[in-house]
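Single-structure report; data block below.
Note that the chains take the letters A, B, C and D in the order they are written out, and that residue 1 is the start of every chain.
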Amino acid sequence: MTSYWTSSVSRVAGDKVMIRGYDLESLIGGQSFSASCFLLVRGRLPTPAELRVFDAVLNAVLDYALLKPGTVAARYTVSANPNMVAGLASAMLAIGPLTLAPEETGRFVAESYARYQSDGTSLEETAATIVDEARAQRRRIPGLGHPLFKRVDPRAAKLKQIAVAEGLWSERGELYELIHRRFVDAIDKPDMPINDVGMMAVVLLELGFSPAEMTGLAAMSTLPGVIAHVSEELRDGRPIRVVPDEDVDYGEAVARDFAADRAAAGWRPDTDDGQT
Amino acid sequence: MTSYWTSSVSRVAGDKVMIRGYDLESLIGGQSFSASCFLLVRGRLPTPAELRVFDAVLNAVLDYALLKPGTVAARYTVSANPNMVAGLASAMLAIGPLTLAPEETGRFVAESYARYQSDGTSLEETAATIVDEARAQRRRIPGLGHPLFKRVDPRAAKLKQIAVAEGLWSERGELYELIHRRFVDAIDKPDMPINDVGMMAVVLLELGFSPAEMTGLAAMSTLPGVIAHVSEELRDGRPIRVVPDEDVDYGEAVARDFAADRAAAGWRPDTDDGQT
Amino acid sequence: MTSYWTSSVSRVAGDKVMIRGYDLESLIGGQSFSASCFLLVRGRLPTPAELRVFDAVLNAVLDYALLKPGTVAARYTVSANPNMVAGLASAMLAIGPLTLAPEETGRFVAESYARYQSDGTSLEETAATIVDEARAQRRRIPGLGHPLFKRVDPRAAKLKQIAVAEGLWSERGELYELIHRRFVDAIDKPDMPINDVGMMAVVLLELGFSPAEMTGLAAMSTLPGVIAHVSEELRDGRPIRVVPDEDVDYGEAVARDFAADRAAAGWRPDTDDGQT
Amino acid sequence: MTSYWTSSVSRVAGDKVMIRGYDLESLIGGQSFSASCFLLVRGRLPTPAELRVFDAVLNAVLDYALLKPGTVAARYTVSANPNMVAGLASAMLAIGPLTLAPEETGRFVAESYARYQSDGTSLEETAATIVDEARAQRRRIPGLGHPLFKRVDPRAAKLKQIAVAEGLWSERGELYELIHRRFVDAIDKPDMPINDVGMMAVVLLELGFSPAEMTGLAAMSTLPGVIAHVSEELRDGRPIRVVPDEDVDYGEAVARDFAADRAAAGWRPDTDDGQT
């Protein structure tokens, strides 16, 4: 008979907490938090090279002032409900297809590479086919473009440089770069770089993480910034933040007549007691 | 042997869904959503008078433009993650002690009334004692004050009027009003009204709801507004909203020297490989 | 110059809160909560027939015992963090493609109907084409099937009956029913009914709501049940709920050797101080 | 004129992202993620000793099988809404006074130590006074007790040992230990240890973090485990998880008569159309 739940992440046995098979006590003081993060999600210890690359990934999108929607949402939230975890949860919820979630790129690169492996064509030919198809189907290539950075996103460049130096860069990354170059040429936007989230996806794929895990890791990597912002808001902020009226266009003021409109909608004032 | 879980809210028996003992099919088309809400939370059907008052409570704080933090948080959230439920959850999280949660007032009024019943003093005397003690202990009286409304919050006044008309106003409400008057006199702020959330608490107490339930109902009553705002944002909004730079004081720009500061903090550049 | 924000849901003008153009004070005691919900989201007052159908929709999926993941998530959440809004937000987050979100069906029915209108074929022919294409592309038809109900989901049937009686059933619903019948015949699963969430989508489309709004309304309609469950958990539940060990298969216990595995991964114990 | 917002966490200047004054590019590959976390929240770089202690804290409560409510809530959530960030947010919301939030202990230890400094009594005398007062006011001492560990929580012991070794243990920690010992003697529960979350509070206070920041850091430190569990659930779990019926006591089945009860509540079937 099978159990309703199965799990191999951790277990509590007697008075021991076992994390992926290791005694939790040996991890405390035994390795860095990033190494334990790698262990928990990947299921095994990282090598020194893997950890250097992993730490670089976790440093890639640390914070982005009040130009990141999740940070702003978190600060509005705690201005009304001064509670750290409410702020953290709120910031998490602003991670999705438009920002910070590498999973779409991760999936795209994995599928592109699988195709390269099965088609038997060169990297260049595979890239060309993929770009042509995407354009024919009016699909965008994920992981490209940034409001600020043109041609090169320096954070992405730094990530790649570290991955290459540590021997954790492969044909997968090359294929994605070929697709990128061919795509921006085709649409005549040579300025459009591979952005940091796109590069995170490539590198995390190399490290063996699944697309969903990539989004989880990207989300976690932004939390120190969120903690700092929420702490700042709780200490120095304004209770019950609003959007100042001068920043909003509420349109022309209209004053509708409730009783008249209700009658016009078919409600009889004498028999309908306002409760229907 | 006792089960790990117990619940009496609903059950599924054969192909019937039973809601507090009633066949769900009989409720669909059988009564309004508010009546079902009353049933689910209170465990019994409302009388017509109770439902009129309950509907009035659920209409009391429908929406408040972009002057409610939860609405703004929800709009920032979906500008990055265009997902309705992420927006709703974000708005929920901005409900707390500073706004929209009647539970503190509900608890205060219930305790004040219990004291009146056990002390055997008059309503006036009880009110005086409670205010004197609160002032001595520098505690605030919950449910009072509003940024916009002075002396009277018209939404609170309307709620009370309906509760009185339906026979659902008692000494509990009178005691709270006496406490309010005595308190604002004592601190010489006669303009400070009982606000809408404070009055919601009094009326929901009269209807038999617990403090935690009051906060749940207040939260639910704001959801139609949140749905409308999120829908508006998804349709007409801007992807990846920010706080415009002109609204932020980032302080004086400082450029710190990472390598120098790291050395000063005790890190040896040659042996520490940047991974510690 | 355009404002950074635009909104027409509500505004605060002087000491008046205007909801879609109506003075909030006139709504309190002036109409039911459902009517205000319709007003906020649709932007106009409902007719009596529209409101009867809308109330039926809001009653369609009120609660589902401990067989709804969001309810269970909310109860686990408040067992550790006894806070009503944390529970509500948690329940919201368990609404998605697999359950309770009518938006996919709403989008599907709207697109199917638009195709019917542009193709100039009969309802039957359009249904046949759509089913054939879906099968060829191995896409599922949304809104079908239920673990409990075979052939007919009685809640869906009741909803349709009310919509028909109120004159709010059109060729859109007929087209979806034709698609349903043709599809279940084609895959030889005649037992598979249109489920309640599927029918909610059809009816809410008829009432003029957008797909995202449908999900918001479905989410709101489940909140009274969530409030009731969270209240029950806060009052009678167990602090810090777990999954009992007998319900979990943690696999075979392995005890890994941290020091040995770390050395094998390439870490030098004498120079790496456990911090890398 | 003051800006509506102020922030000193990060800024974007030209094409540079500055994190607490440091160029983000220098941090990528320049230090570990924990070091950047310390920097973002504390506002300055850690020393090697501080980072060793900080990493130990972040490893203290990594995961706890399916015995942690937030993990279970997250898995229920994604069984219905297969979305990583919904799972992470759900897990965050299950952190509160009953589990994982060190802030109450942090506040208690800070206040106790401030009292020691101002009273001019010995550590022992201060501890005695604080315990006596707490018992007289029937207040509990936060940070004590664990369902599994008796006398000593080995994770707490390990944390203290590392803090002592790194010179980051002071009279603050000693005072808390004196309070602990005196309290468990007074209530005759000598088995009750200082738990891991209590010890995290002491150590994070020593590192200069505020109580709210402690809760944020504890929350972040559990995220790798949550990511692992959500990933496992998305890959191997069951869609739409329930609580199996055999684990629930739904009480005795009652079938109430909706029409009769509604009439008894005062509703007239002929004039009220079921919509009130």
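Assume contacts are C-beta pairs under 8 Å (C-beta built on N, C-alpha and C of every residue); 3 or more make two chains touch, one makes a residue touch a chain.
Worth saying up front: this structure is predicted, and the values here are computed from it rather than measured.
Trainee: Can you list every chain in contact with both chain B and chain C?
Mentor: A, D
Trainee: Which chain is most remote from chain A in terms of Cα centres?
Mentor: Most distant chain from chain A: B.
Trainee: Chain A to chain B: how many Å between their CA centres?
Mentor: Here chain A and chain B have centroids separated by 31 Å.
Trainee: Measuring centre to centre with CA averages, how many angstrom lie between chain B and chain D?
Mentor: 24
Trainee: Can you list the residues of chain D that touch 2 or more other chains?
Mentor: 4-8, 11, 27, 29-32, 48, 51-52, 55, 65-67, 81, 85-86, 89-90, 93, 95-96, 243-244, 247-248, 250, 273-276
Trainee: Which label fits the chain touch graph of this model best, line, ring, star, complete or other?
Mentor: Basically all the chains touch each other, so complete.
Trainee: If you look only at chain D, which of its residues touch chain C in the complex?
Mentor: That would be residues 32, 48, 51-52, 55, 65-70, 72-74, 76-77, 79-83, 86-87, 89-90, 93-100, 147, 239-244, 247-248, 250, 273-276 of chain D.
Trainee: Per the contact definition, I'd like the list of chain D residues that touch chain A in the complex.
Mentor: Within the complex, chain D contacts chain A at residues 4-12, 15, 17, 19, 24-25, 27-34, 36-37, 40-41, 43, 52, 55-56, 58-60, 62-67, 84-86, 88-90, 92-93, 95-96, 101, 103, 148-149, 154-155, 158-159, 161-162, 210, 212-213, 215-217, 219-221, 223-232, 234-236, 238, 244, 271, 273, 275-276.
Trainee: Quick check: in the complex, which residue numbers of chain D touch chain B?
Mentor: 2-8, 11, 13, 18, 20-23, 26-27, 29-32, 35, 44-49, 51, 81, 85-86, 89, 243, 247-251, 253-256, 258-259, 261-262, 265-267, 272, 274-276
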